[in-house]
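Shared between the two complexes below is subunit A, which pairs with subunit B and subunit C, respectively.
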Partner chain A sequence: MTLELRQVSKRVGADVHIHETSLMLEPGSFNILLGTTLAGKTTLMKLMAGLDRPSTGSIWFDGQNVTGVSVQKRNLSMVYQQFINYPNLSVYENIASPLRVAGVARREIDARVQEVAELLRLTPMLKRRPSELSGGQQQRTALARALAKESSLILLDEPLANLDYKLREELRDELPKLFADRNCIVAYATTEASEALLFGGNTATLHEGRVTQFGPTSTIYRRPNTLTSARVFSDPPINVARIRKAGDEIVVGERVRWPVGRAARHLADGDYSIGIRPHHITPHRGNEGSATIEGRVLVAELSGSESVVHFDMDGQTWVSQSQGIHPFEVGSLTRLQVDVERGFIFSADGDLMAGGD
Partner chain B sequence: MNKVVNQRAWIFVLPVVLLVAFNAIIPLMTVVNFSVQETFGDNVFSWAGLTWFEQVLHSERFHAALLRQLMFTAIILVIEIPLGLVIALNMPRKGPWVSVCLVLMALPLLIPWNVVGAMWNIFALPDIGLLGRGLNWIGFEYNYTRQPFAAWFTMVLMDVWHWTSLVVLLCYAGLMSIPDAYYQAAKVDGARRWAVFRHIQLPKLKYVLTIAILLRFMDSFMIYTEAIVLTGGGPGNATTFLSIDLQKIALGQFDLGPAGAMSIVYFLIILLLSWLFYTLMMRSEEK
Partner chain C sequence: MGRARGLVPAVYILFVLLPIYWLLNMSFKTTNEILGSFTLFPSEFTVENYTKIFSDPTWYGGYINSLIYVVINTVLSVAVALPAAYAFSRYRFLGDKHLFFWLLTNRMAPPAVFALPFLQLYSAVGLFDTPIAVALAHTLFNVPLAVWILEGFMSSVPKELDETAYVDGYSFWRFFLRIFVPTIAAGIGVAAFFCFMFSWVELLLAKTLTSVEAKPIAATMTRTASTSGYELGLLAAAGVLTIIPGAFVIYFVRNYIAKGFALGRV
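Moving on to the complex of A and B:
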């Protein structure tokens, strides 16, 4: 029951929406498609679902070529960013609708609807119409419909994006549990790096219609193989600077000099880029191998437990993210510690050369 | 507690009050005036009480016109609403044909009403009109100036031609506002065309259809211009609808009292039916 995309691409007119992509999704896996808006997440999902036909390449499911097979004939479910339910049907009928179409026996339908409703805490609302529910409950109904169908492929297209913060967190906690024992393939599109980290599983980073990297989520976070993947999988955005390695030193811009990290020591002298995650730049005293930088504070966002500071670094805006509340005055010069050792070194072409675990 | 009393808000409401007074209340009051008084011209009035109302409500002529009116409106709604919906459902949703279709649909709505009447008057003439001659040529004995059925047929056809577009445009706008994801979700569920219509499109079009039915009801119930130009209420009284009858009483016979009373009854019927319809539609929503 593997879903495989073989050299699939999608063009609309002269625009390439998805560049040639090959992906293999295993049964029982939770796969995250991570990328900004317009990166191609939804297009990729539509191709997986069979809602769109790929321009080239083929899609295989369970060893069979399903490229031209219409979505009606496949066994899959999809949940959208908008809360899509049948407006004139009760919650019960909404959940039951795909089963009715499939011709499942009445008793079986009732059993499945009750089970899924219980799981998603919809039991008291089964008789209501979707318009009488809160946004969270509407999305639960859509999820319940997807689950009740017991399909082997479940596509979730930013299902939490339209929910408010509180509901989002609640559903986010429940989601992985819902799919845990189902042995189905789940694909989950999101724009938020934090969601990918939270869910674990596998992550595919998408950028401008390309899957830049695919693999276990933690691996991709720790070892992004290109600068693009690192950028996609970082929130707040990763800090990037052009550097020149000269012996034991890294020269950033004109005047800033940092010691070379252990991992980068073997690299030949020359031009590189360095990527440093925001939480590796902090006002705390750094450990060995860290360097001090000075920058003018542009924006300071203090939340309950962390401080996010945007500062000017040689004409570029960099971000520092640190635990605790630190006083930053906008416009003032501040000193921060950069953990150079934890930085990623990319070649001029953007390939990872050193760094990462 | 220092409660500040400030009446300045009235100043802001005043323009609207004046506007409504001049375009609705004051003209309506003249009608009310006529309906309860007797006049012999020269601005001499005498109190007539409810005489005119009794006369109108008991007049067979009024009953006949009302019946014709109800029938006409019923036929119009039964044809135009489903037809408009079907056309809207089959219009392209994207591509170059969208604007072509929209322009073609909007054309009848852009033609002045009396021109529509005149067009159809000539179009349906049995001796020189394309429609009239055509119908006779294929074997129908058709003359709308002599046969009541032919007059009704032409009248309904004209109204369908003129106003179905409005229903189409309203429904089309309603359909376009349904997010694509609904259709995708239905596809994923394996739903058929009929289920998509029944469970997605129809419920989503509910408000639009309510408005379309209300508009078409009110307009067809008040039909005047096109009808008077096409048939003048004839042959005989066959197409004398309420408004045409009212015009005959008020300006033909100059019976201002009965005409005033009839206007008010006419107005109240429309108001009542619209209210009834609207309440019924909205109540089914609550259930």
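Moving on to the complex of A and C:
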């Protein structure tokens, strides 16, 4: 039971929504589609579902070409960002509806509905209409419907995006458990890098209709193969600067000089870009290979446990993210430690040249 | 301040209700009293006017005829408008916006323009003086209206609902009839209400396309003047009875109409 996209692309008129993409999703895997809005996550999901037909290429499921097979004949479920339930049916009937359509026996339906309702804590609401539920409960109903069907492919299109913070945290913890012992392929679209890291599994980074990288989530995070992948998979956004390598030093902008990292030492002298994640720029005393930089504080966001500081250095804005609360005064000069060793070095074309574990 | 605020709606309601009260007042008077004196209340209270309407087939037959073509028209208009509105709300096709506008322009045409061709046409095919003739003629105005109202309601339902249903295995028609139609029930109610009201009050086509068999109440009311002078009490009673179905229907759809306003339709 694998889902395979072979050289799939989607064009609408003159616009290319998905560039030629090949993907292989393994059975029992949790796959994250990570990208900003309009990156093509939903389009890709619709192609996987069969709601849209690809302009070129083919889609294979379990060794069979399903490109032209209508969505009704495929065994899949989908949950959207908006809370989509059948408004005229009770929660019970909502969960039961795919089973009713499939002609499952009444007793079996009841058993399955009760089971998933229990799992998603919807049992007391079964008789109510979706409109009488809170947002979190509505989305749970949609999830319950997807689970009750026991489909081999479950597509979740930013299912937590419309929930408030607390409910999102709650459901985020529940989600992986729900799919843990099911032998189905899960595809989960999200805009948040932190969600991808939390869920683990595999991640595909999407940018402007292109899958830039696909593989185990931790690998993608530690070794983004391109600058674009690194940008997609970083929140707050990764700091990127043009640099010039000259011997044992790298020159950032005009005058700032950093020691070259161990990994980058073998690179030929020349122009590169460096990508440094915000949490590698901190006020803490750096380890070996880190450099001190000085910048003017533009914005300081202090949350309960961390400080995010935007500062200006040589006309470029940098972001630092550090544990603990640090007193930054807006407009003042501040000194921070850059862990150059942990930076990614990209070629002028954006390919990873050095750095990453 | 509080008193002044209450005054404005009070005056407004007074002005609105005065003619209706006067109609009601007249319907319980004899024609002699109406013509002879000015009285705020019927001095000789009589239900004779109503008795006559409910016992004379030329009178109550008018109501029955009207109701028949109004119901046929409403059912037909909404049934035709549902798939059309669905297409307009869900699909993009060449010239869809122009087609939608063209449909609406039908609603703007004066009925008088169509009276003569309809009369000729229906006579030729043997539909003259049947409820179907009037019902069909009214669809020209009601289908565009119903499409417009329904399209607004349908567009407020996310397209993802359709997709979810297909993913769950629903065929198009099963989804449309079991899920979609109940979801926009409010819109169907509003569309049906407007079709009903237009068809109920439209006089010109209804009068032109009928003579004896399918004579609507509005025609009966305007032709009764000749037999025994002006029977104003009778006409007033007929007028009151004409208001009732509209008031009855509006009572049921009043909440939905507010929803329709919120969607920018109605």
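Basically, the second predicted complex is superposed on the first by the 357 of 357 C-alpha atoms of A that agree within 3 Å, B and C clash if a C-alpha of one lies under 4 Å from a C-alpha of the other, contacts with A are read in each partner's own complex, and residues count from 1 in each chain.
Going forward, a contact is a pair of C-beta atoms (placed from the backbone, for glycine too) under 8 Å apart; a residue touches a chain by one contact, two chains touch by 3 or more.
Bear in mind that the values here come from a model prediction, so they are computed numbers and not experimental data.
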#### Entry: Partners on subunit A (subunit B, subunit C) - clash or fit
clash
### Message
Looking at A:Y86 after the superposition, I want to know if it touches subunit B, subunit C, both of them or none. Which is it: first, second, both, neither?
### Response
both
### Query
Touch check for A:P98: first (subunit B), second (subunit C), both, or neither?
both
### Task
Examine A:G304 and indicate which partner it touches, taking first as subunit B and second as subunit C; both and neither are also allowed.
neither
#### Entry: Partner chain in contact with A:L76 - subunit B first, subunit C second, else both or neither
both
### Query
If you lay the two complexes on top of each other, which residues of subunit A touch subunit B in one and subunit C in the other?
46, 49, 51, 70-72, 76-78, 80, 82, 84, 86-89, 97-98, 101-102, 142, 145, 149
### Message
Can you tell me which positions in subunit A touch subunit B when the two form their complex?
### Response
46, 49, 51, 70-72, 76-78, 80-82, 84, 86-89, 97-98, 101-102, 142, 145, 149
## Note on the structure
Per the touch rule above, subunit B residues touching subunit A in the complex are 179, 181-182, 184-185, 187-192, 195, 199-200, 202-204
### Residues on subunit A engaged by subunit C in the complex (per definition of touch)
46, 49, 51, 70-72, 76-78, 80, 82, 84, 86-89, 97-98, 101-102, 142, 145, 149
### Query
Which residues, counting only subunit C, touch subunit A once they are in their complex?
158, 160-161, 163-171, 174, 179, 182-183, 185
